[in-house]
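Chain nomenclature is as follows: A, B, C and D, assigned in order of appearance, with residue numbering initiated at 1 for each chain independently.
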Amino acid sequence: MALSREQMAQRVAQELRDGFYVNLGIGIPTLVANYVPEGMDVMLQSENGLLGMGAFPTEETLDADMINAGKQTVTAVAGASIFSSAESFAMIRGGHVDLTVLGAFEVDVNGNIASWMIPNKLVKGMGGAMDLVAGADNIIVTMTHASKSGESKLLSNCSLPLTGKGCIKKVLTDLAWLEIENGCFVLKERAPGVSIDEIKEKTAGELIVPDYVPEMTFA
Amino acid sequence: MAGFDKVVVSYEEAMSGLEDGMTIIAGGFGLCGIPENLIAEIKRRQTKGLTVVSNNCGVDGFGLGILLEDKQIKKMIASYVGENALFEQQLLNGELEVDLTPQGTLAEKMRAGGAGIPAFYTATGVGTPVAEGKETRCFHDREYLLEESIIGDFAIVKGWKADRFGNVIYRHTAQNFNPLAATAGKITVVEVEEIVEVGELEPSQIHTPGIYVDRVIQGSFEKRIEKVTVRS
Amino acid sequence: MAGFDKVVVSYEEAMSGLEDGMTIIAGGFGLCGIPENLIAEIKRRQTKGLTVVSNNCGVDGFGLGILLEDKQIKKMIASYVGENALFEQQLLNGELEVDLTPQGTLAEKMRAGGAGIPAFYTATGVGTPVAEGKETRCFHDREYLLEESIIGDFAIVKGWKADRFGNVIYRHTAQNFNPLAATAGKITVVEVEEIVEVGELEPSQIHTPGIYVDRVIQGSFEKRIEKVTVRS
Amino acid sequence: MALSREQMAQRVAQELRDGFYVNLGIGIPTLVANYVPEGMDVMLQSENGLLGMGAFPTEETLDADMINAGKQTVTAVAGASIFSSAESFAMIRGGHVDLTVLGAFEVDVNGNIASWMIPNKLVKGMGGAMDLVAGADNIIVTMTHASKSGESKLLSNCSLPLTGKGCIKKVLTDLAWLEIENGCFVLKERAPGVSIDEIKEKTAGELIVPDYVPEMTFA
């Protein structure tokens, strides 16, 4: 069965390592923070200028001057630092963030990603997404494998305007964990109970299926 | 003599010299750390044909959004224009020009403008619509875009505390684009919650040295929150 | 698990991984704010063939000057090499290569290196020997030089206080190049006068966020003064 | 008679304006700080990262962490700020400093300046001088009009490697105050008792002498 949003977040959380600085995009990526493995420390970077994002505040500690990149009120953990947007993107662009997790509309076999613009629909802007995908070495894209109407989001060539070119190597969908190698998607893991045939069918870009594709495991 | 005393007492004086067609760089991220009273003064003045450089354009009825009501903004340079009905309408009508710029590139353009760097290279936006019409170039086998800096006729900034010399510190994440905007204005105006004695701010803890600041005014702030999110 | 604890207890561990032929970026201006014990450790290790990027090269017998004694430095990238007899001798003998770089350009090259900006334009050095072999280009009718960023295998930094997460603040003008160097090292090592509790440093007053820092060590410092100047 | 170093500093100080941020180079420029007119406030920028340089410290307040760009121990005035070298040169390069005063070996009619390198002599480096002359709009060069052996330092073309190209408009020598306009030196003032003939004789670059050249006055 396809993964729930929570399971997707849980699977991404397995990629966290102790001491990682992580930027989590809006949506499913945000949920990853709920599944940091016991005893492991990660620090969340929010691109508006906060390293060490904490939980939401209480009514009492709510502060208009303390928000995250999603414009939600947040708190800071002990050991946090706060800085300007230029410094924040120096961190991002300079490759200092260990892991970036973000959503997308499409990803293709060349590691291109489209996530910000649907032509003829009103465009709200790319925010920090282009900087994030250009700056990070280690990016995980989270999205559903196909659209509601069944169209694959894993393509030979992205059809939408790009957010970044050749920068994606890892994709987690509700059906599979895939890595992009040499112009192909390589199926690394499948969601529990999801058949390889279903994944094949819903992957438009070239897919390499190794002899053995393990099912994902959740603690 | 006035020396380095930059305090002005009225918002009218704070924005004096603002003219139709000028470029304004504004600090703030969403509604956090925005110079809300300076924006209100721009509305009061009814200055038209403005180019506004800011990460966002406020919301309907608050922040930079209020400058849309009387069509004061001709062009917006921003990374994310947000949920703003008036904005959408003016954009679709062709009344508003929008130059979408990646957030990090926007921050760096302001910083470069203030620092006398006319242009820099960044990997951000290579291969995307942002690269259209821009030069690219390889360094160490990677492709980068040439991006030019931004300078404003005015920079409008929201600080937490300032002294009369224009030394400013920001509070929490209300810092965001403010110190960058402060460097990139031909005239930089900072509104703050509190004006403190000269010497009260620790020199090595000042975010914006007074050399960047032309006018300081103390205001009172609504500080509207866009998305109140609390834990139970 | 260690989490974000970056404290090491020996200078040997602090500089572990340093190899012949590496590039080291060092903070400090003159003898002010130099990572004196990290430099001493590099001397102890007798690492050779180093490229050192630092505004100055210390003095005879102190600071980076001690790395000249056993000819550990192959190339020096600096804005001012100072009064240093050994330096002069090795330069004239052809034992030492020197790349003189304007001070502001040097600072910006480090900052750009850390910030993922491969190159930038500056008016500094146009029409001078610094421009030799470099591209120039006009923006708004002025000529600018293209300057590339610098990254080091190691950055060695002197801070005042740090917490275990590697958040650092600097004291007075001992800040200088240190926060820039800190961003530009593949491995950044910071030695400080005091390690404080996590949470003790005010988040918005941290000069170098821990994300840039790999190792922190507490040392004791001679802090030699190059030119003691007092008023009577 | 030729101006003394103190008189040169005094004459430069007449160019100060209330509220000026000023960078003073090593040597005569440093002395300018002693002649700030009564009741006028200027703030001194030191390119190692200090805006608001104060007097030298006492033995008791001497601090190794508090130096100026000449590596001398200094103090900070009330309202000073301290920052990184990148921020310091952002101020300088970005044209935020109102006046820069520095020495030179040579200046020419095109506003070129040579101040850092004498070929075949050991070169110590340009420090911040190239950034200062490229960044400032308002620069005063202070130097003796001619070398000890009588060779003019005001040339048609600088003979030494340049510090900056086309950036100098004002020169104060021990003999005269000159401005550079349209490829010529224009004699604006002469030192008390110095003849126009002497200035002509010691100026190698084209010199324009207005009908009336006032003597400098000192309060």
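Quick note on the criterion: a contact is a pair of C-beta atoms (placed from the backbone, for glycine too) under 8 Å apart; a residue touches a chain by one contact, two chains touch by 3 or more.
The chain lineup, named per UniProt: A, D = 3-oxoacid CoA-transferase, B subunit; B, C = 3-oxoacid CoA-transferase, A subunit.
Keep in mind it's a predicted model, so treat the numbers as computed, not measured.
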{"item": "Comparison of C-D and A-C by number of C-beta pairs in contact, larger one", "value": "C-D"}
{"item": "Geometric centre distance via CA averages, chain D-chain C, whole Å", "value": "29"}
{"item": "Interchain centroid distance [CA atoms averaged], chain B/chain C, Å", "value": "32"}
{"item": "Distance from the mean Cα position of chain D to that of chain B, given in whole angstrom", "value": "35"}
{"item": "Sites on chain C at which at least two other chains make contact", "value": "108, 111, 115-117, 122-123, 171-172, 175, 203-204, 207"}
{"item": "For chain D, residues contacting two or more additional chains", "value": "50, 76, 82-83, 89, 92-93, 135"}
{"item": "Overall pattern in which the protein chains touch one another (line/ring/star/complete/other)", "value": "other"}
{"item": "Touching pairs among all chains present in the structure", "value": "A-B, A-C, B-C, B-D, C-D"}
{"item": "For the chain D and chain B complex, residues of the former touching the latter", "value": "18-19, 21, 39-41, 43, 45, 50-52, 76, 78-83, 87, 89-97, 135"}
{"item": "Partner chain A, residues of chain B touching it in the complex", "value": "29-33, 55, 78-83, 88, 91-92, 100, 102-108, 110-111, 122-130, 160, 171-180, 207, 223-231"}
{"item": "Chain D - residues contacting chain C, complex", "value": "46-50, 55-59, 62-68, 70-74, 76, 82-86, 88-89, 92-93, 112, 117, 122-131, 134-135, 161-166"}
{"item": "Residues of chain B touching chain C in the complex", "value": "108, 112, 115-123, 139-140, 142, 144, 148, 169-172, 175, 203-205, 207"}
{"item": "Residues of chain B defined as touching chain D within the complex", "value": "1-4, 111, 113-117, 163-165, 167, 183, 198-199, 203-204, 206, 209-212"}
